[in-house]
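As written, the chain order gives the labels A, B, C and D, with residue 1 at the start of each chain.
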Amino acid sequence: MSSGVVQVAGEVVANRRVGAYQQLTLLAPGVAGLARPGQFVALAVGGPTSANLLRRCFSIHRVEEAGSDGGTVDVVVAAHGPGTRWLTALGPHDAVDVVAPLGQPFPLPAEPVACVLVGGGYGSAPLFWLAEALRERGCHVEMVLGAASADRLYGVAHARDVADGVSVTTDDGSAGTRGRVSDVLGEVVERTSSVVVYACGPMAMLRAVTEVSAAYGAVAHVAVEESMACGIGVCMTCVMPVTGDDGVTRMVRSCVEGPVFRGDRVRWDAFDGGVCRVPDDAVGAPRAGGH
Amino acid sequence: MSSGVVQVAGEVVANRRVGAYQQLTLLAPGVAGLARPGQFVALAVGGPTSANLLRRCFSIHRVEEAGSDGGTVDVVVAAHGPGTRWLTALGPHDAVDVVAPLGQPFPLPAEPVACVLVGGGYGSAPLFWLAEALRERGCHVEMVLGAASADRLYGVAHARDVADGVSVTTDDGSAGTRGRVSDVLGEVVERTSSVVVYACGPMAMLRAVTEVSAAYGAVAHVAVEESMACGIGVCMTCVMPVTGDDGVTRMVRSCVEGPVFRGDRVRWDAFDGGVCRVPDDAVGAPRAGGH
Amino acid sequence: MADMSTTLAGAALPNPVMTASGCAANGQELHRFLPVSELGAFVTKTVMRDPRSGRPTPRMAETASGMLNSIGLQGPGIDAFCAKDLPWLAEQGARVLVSVAGTTAEEFGEVVQRLVASPAWECVIGVEANISCPNVANRGLVFACDPGSSERVVQIVRTRVPEGVPVFAKLTPDVTDIVAIADAALGAGADGLTMINTLLGIVIDTDLLRPQLAGVTGGLSGPAVRPVAVRAIWQVVAAMRAGTLPVAPVIGVGGVRTGADALELVAAGASAVQVGTATFNDPDAPRRVLTELEAELDRHGLARFADAVGIAHERMVRL
Amino acid sequence: MADMSTTLAGAALPNPVMTASGCAANGQELHRFLPVSELGAFVTKTVMRDPRSGRPTPRMAETASGMLNSIGLQGPGIDAFCAKDLPWLAEQGARVLVSVAGTTAEEFGEVVQRLVASPAWECVIGVEANISCPNVANRGLVFACDPGSSERVVQIVRTRVPEGVPVFAKLTPDVTDIVAIADAALGAGADGLTMINTLLGIVIDTDLLRPQLAGVTGGLSGPAVRPVAVRAIWQVVAAMRAGTLPVAPVIGVGGVRTGADALELVAAGASAVQVGTATFNDPDAPRRVLTELEAELDRHGLARFADAVGIAHERMVRL
């Protein structure tokens, strides 16, 4: 576990609309120097009278190390419930308490191999500085960005700057290839002889990406999005079944041991219909009668 | 009960510091035309994610009837707990839900008599347009404004514009006479041969004003400030013992039957140490054993 | 637009949204904001036999997403209620659910007897027995904390209310086993249940370092308690569906502020929903909740409100 | 600056603020934000005999000023706890209140037996018996819902914990009469009480129209429930002061987010305070609560924390 985490009284520097999302730039001294691609921030919402106690988690889109101001962090937020609606409505100088960086980053390859970065919807947000980090290491980087519709794609133009190739898919065909990222991923992996795939997006997409990657001989690192109450590892709400190096499945916390996991270690068979069961072979699984 | 009340989505037009207070001007279409001096507004606080459900009540300081914008209402707010802190921090264009006007206004005399208006702290807020209304009727109007210290006085300069004479007291002597409003009130009533005293401020002051007024032969109308959960007469939290025309004491709702009561009708004997007991002779008072 | 009508043990209502007892007085004040006839039913402040002054003040404390109240059942008494309040409600065309209480089981009976004799009785679509109030005969213990006391009250009330007019027992959540209390009430003849009354709570005034309410304890209400209300409804309705409790309609109450909140109670099994504390925040809340609930049903493609009642028991994931 | 030390049935603590069981894991994660040795005591996640995977997900739902959780007591089991977690806490210089549970009274005993044998036992300043968990021998009914079951567990735990180390029984508020349960626990040898555990609740997911938690019910916590915690503490401490319950220290927990919140529980009678859900909002909450509580005591001119304990019972207005 990385212990490089801070809690800071942040402040909104900018809040701009990007497609269906709001991109927030937060002044958050100390975060930029610690953060790595794949980690996330946990933001308090609603201000001092808020009825919403739990923090909201967002992938770090980019960081800017300190000038005199201590550094900023960017997140890309989809307005959904009360917390994200509050965040997306903030203006410059508004206060936001920030805990960051949290979780495990994407592991970077030791060698300059070819990689494919796959993002679904706002899931592409953390992939751009990952692409930069990979290219700095001499990796060939291609991106596959998908979404339900064109306005829900994030960062296609940016992708063209940081990647060696970009493919786009939309469910409704309003941009790029009609279909899902997993429909085109195999071809990209094959063409680029990629050995690593990085992905961030909805669970169903991550599962498909894992399967396609495996079929084409690549290892997938996926950043998951489980419902989190604390984000810092103390509440045990964000667990999911993941198989360890020892071949044993445990219910692990996606906030501290994830959010990035090897796709082939995630027990996708346990996820169904919005519920994740405890596999019978998991450590401490309930015996008949349950607990 | 006046039925002229509206609920409107208000908006902050201005919020300026005045001494220890913030004076808020709210765009609140429809309120100005209905309101009379002594009535109050009930404001929702904290916005859509608020944990503070109950409305906060404030005396109407002034109203401005519609230009094209539907009219405004001013309140003078002392920051105290979470609700008033939220309100006093609002800026132009911020939204505030307004229910107003509420409660019974100060009764105006049928004849052009001499009157004294007594305000304690922000309690002076509703007295200025009352003074104007009284002077329009030809009344001689004097004001007595008191507070703990000079910064907690509200509207002394304004008072000089709308009243025929102004006395000031502070507990610490930082402005005007050192002492309480009730210390100077008798002299003013006597000098002006006033027959009516209007007062707004803390309970202890209202009680003293009532006693002094009676001693000098004037009738006191006092605007009380009881803890209110709804402000509209449906919750029964804001009751206090008041004697009716029939000589019978009842626990009446200060939000609909008040906040203005004849001082000599209020059962001051029931108030003690921050608690108001039910007088034994009140209608429905608990018998031995209680309820 | 979904068909919003609902039926509660024979009482047919055009829509399922009501006020909650004690949160709308007896209608006249709220009527300035929303016509009481637009409500599925208007629920009166609990009325007792004699006029009551209620408790000393302070009577309320704000809490996180809720409030504490200790009104002490202040009211004019049943005779004044029948002479003034009920006729006024009848005149407005309101459907009225009258909430009654007594400090003894017999007093409940007396109140109902006088109520039934009221010339305005025809506007009454049901009687809600507020058994979540103190029983002087049992050390002031709340009737609904004890199955036996609950039974006695419901029996008397049911006997005095004419057939065809349903009786609802209003339960407190402050019990170890709410299904047992529900069972006692239904066994004694209640036609339905109202759940939940407030939770017992205390707030300390940290300036004065003493209880903020003059009466020390108060009832906790508002969105803060909604999960407890949903749970109580769920447990009782699950028992009905499992055949271990007689089937009867439930009126849900507790923490409803929006249409989505109301839908939670309905999906858990409530056939109607009362809006209480939220009315203090927004005098228009009961009407707004109805509009929002309609929109929720439309969004889910449910043609009839009745189709949503208890739906979460069917859609529940079995593990 | 007030003297913040407190004593709990012989355990002397430098200050009265603790984490709450299950809200700070076993310390390592929180330690990144605040040194666990600065706490009055660190309260561990409830540990059981065997490793447990806990419940399926979703395990949590946000509620108005609170949340619902259904973790299902996930944990590594007592052996791993003694081998790894407790030594780590001891190394940091933490004073540890170990929360234990079992699905039977005997399992409680086994857990304690192994705990006491741990080489790191010396950092343990007390054992908290989480009797607010399901008893398989009694249809899964929570131990603390029944005086008899509570008694049996406390007896076994008290027997196995060496003398001089206090045992606290952690009670659920979901009972008709919490004083009766407190009486059973104290009668069986508990040295103190921890109040309160979560309230049973349900949230319906209004998109899916089914319970949001995979396990259907969950425990409600956070500021929403604070008035219930204060009331529970008040009732039990009032009974102690009235001589109808043995006098014993109470650890208060439930909805504490600020120093003023903590002071509410203390003034109602708590000799120490745990901070749970608020830690999810602010990882620094336990330390901040302590600082704010000190400031509150200074503001009131109270020289010693102990002077504030139960003060509201003395300042209460007698009507």
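By our rule, a residue touches a chain if its C-beta (ideal position, glycine included) is under 8 Å from a C-beta of that chain, and two chains touch if they have at least 3 such contacts.
Everything quoted here is computed from the prediction, not taken from an experiment.
Chain pair with the larger contact count among B-C and B-D is B-C, by C-beta pairs in contact. Put simply, the C-alpha centre of chain A and that of chain D have 35 angstrom between them. Mean C-alpha positions place chain C and chain D at a centre distance of 33 Å.
Averaging C-alpha coordinates per chain places the centre of chain B 46 Å away from that of chain D. With touch defined as above, residues shared between interfaces to two or more other chains in chain A number as follows: 51-52, 274-275, 277. Within chain C, residues 56, 64-66, 208, 214, 222-223, 317, 319 each touch two or more of the remaining chains.
If each chain is drawn as a node and touching chains are joined, the picture has every node linked to every other. Residues 22-25, 28-30, 32-33, 45, 50-60, 62, 64-67, 69, 71-75, 77, 103, 134, 136, 208, 214, 222-223, 277-284 of chain D are the ones touching chain A in the complex.
Looking at the complex, you find that chain D touches chain C at residues 56, 61, 63-66, 68, 145, 174-177, 199-204, 206, 208-211, 214-218, 220, 222-228, 230-231, 234, 255, 260, 263-264, 267-268, 296, 300, 308, 311-312, 315-317, 319. In the complex of the two chains, the chain C residues touching chain A come out as 64-65, 223, 317, 319. Within the complex, the chain B residues that touch chain C are 1, 3, 5, 7, 44, 51-55, 97, 99, 226-227, 229-230, 232-240, 250-251, 256, 274-278, 282-286, 289, 291.
Interface of chain B with chain A (complex): residues 45-52, 82-83, 85-86.
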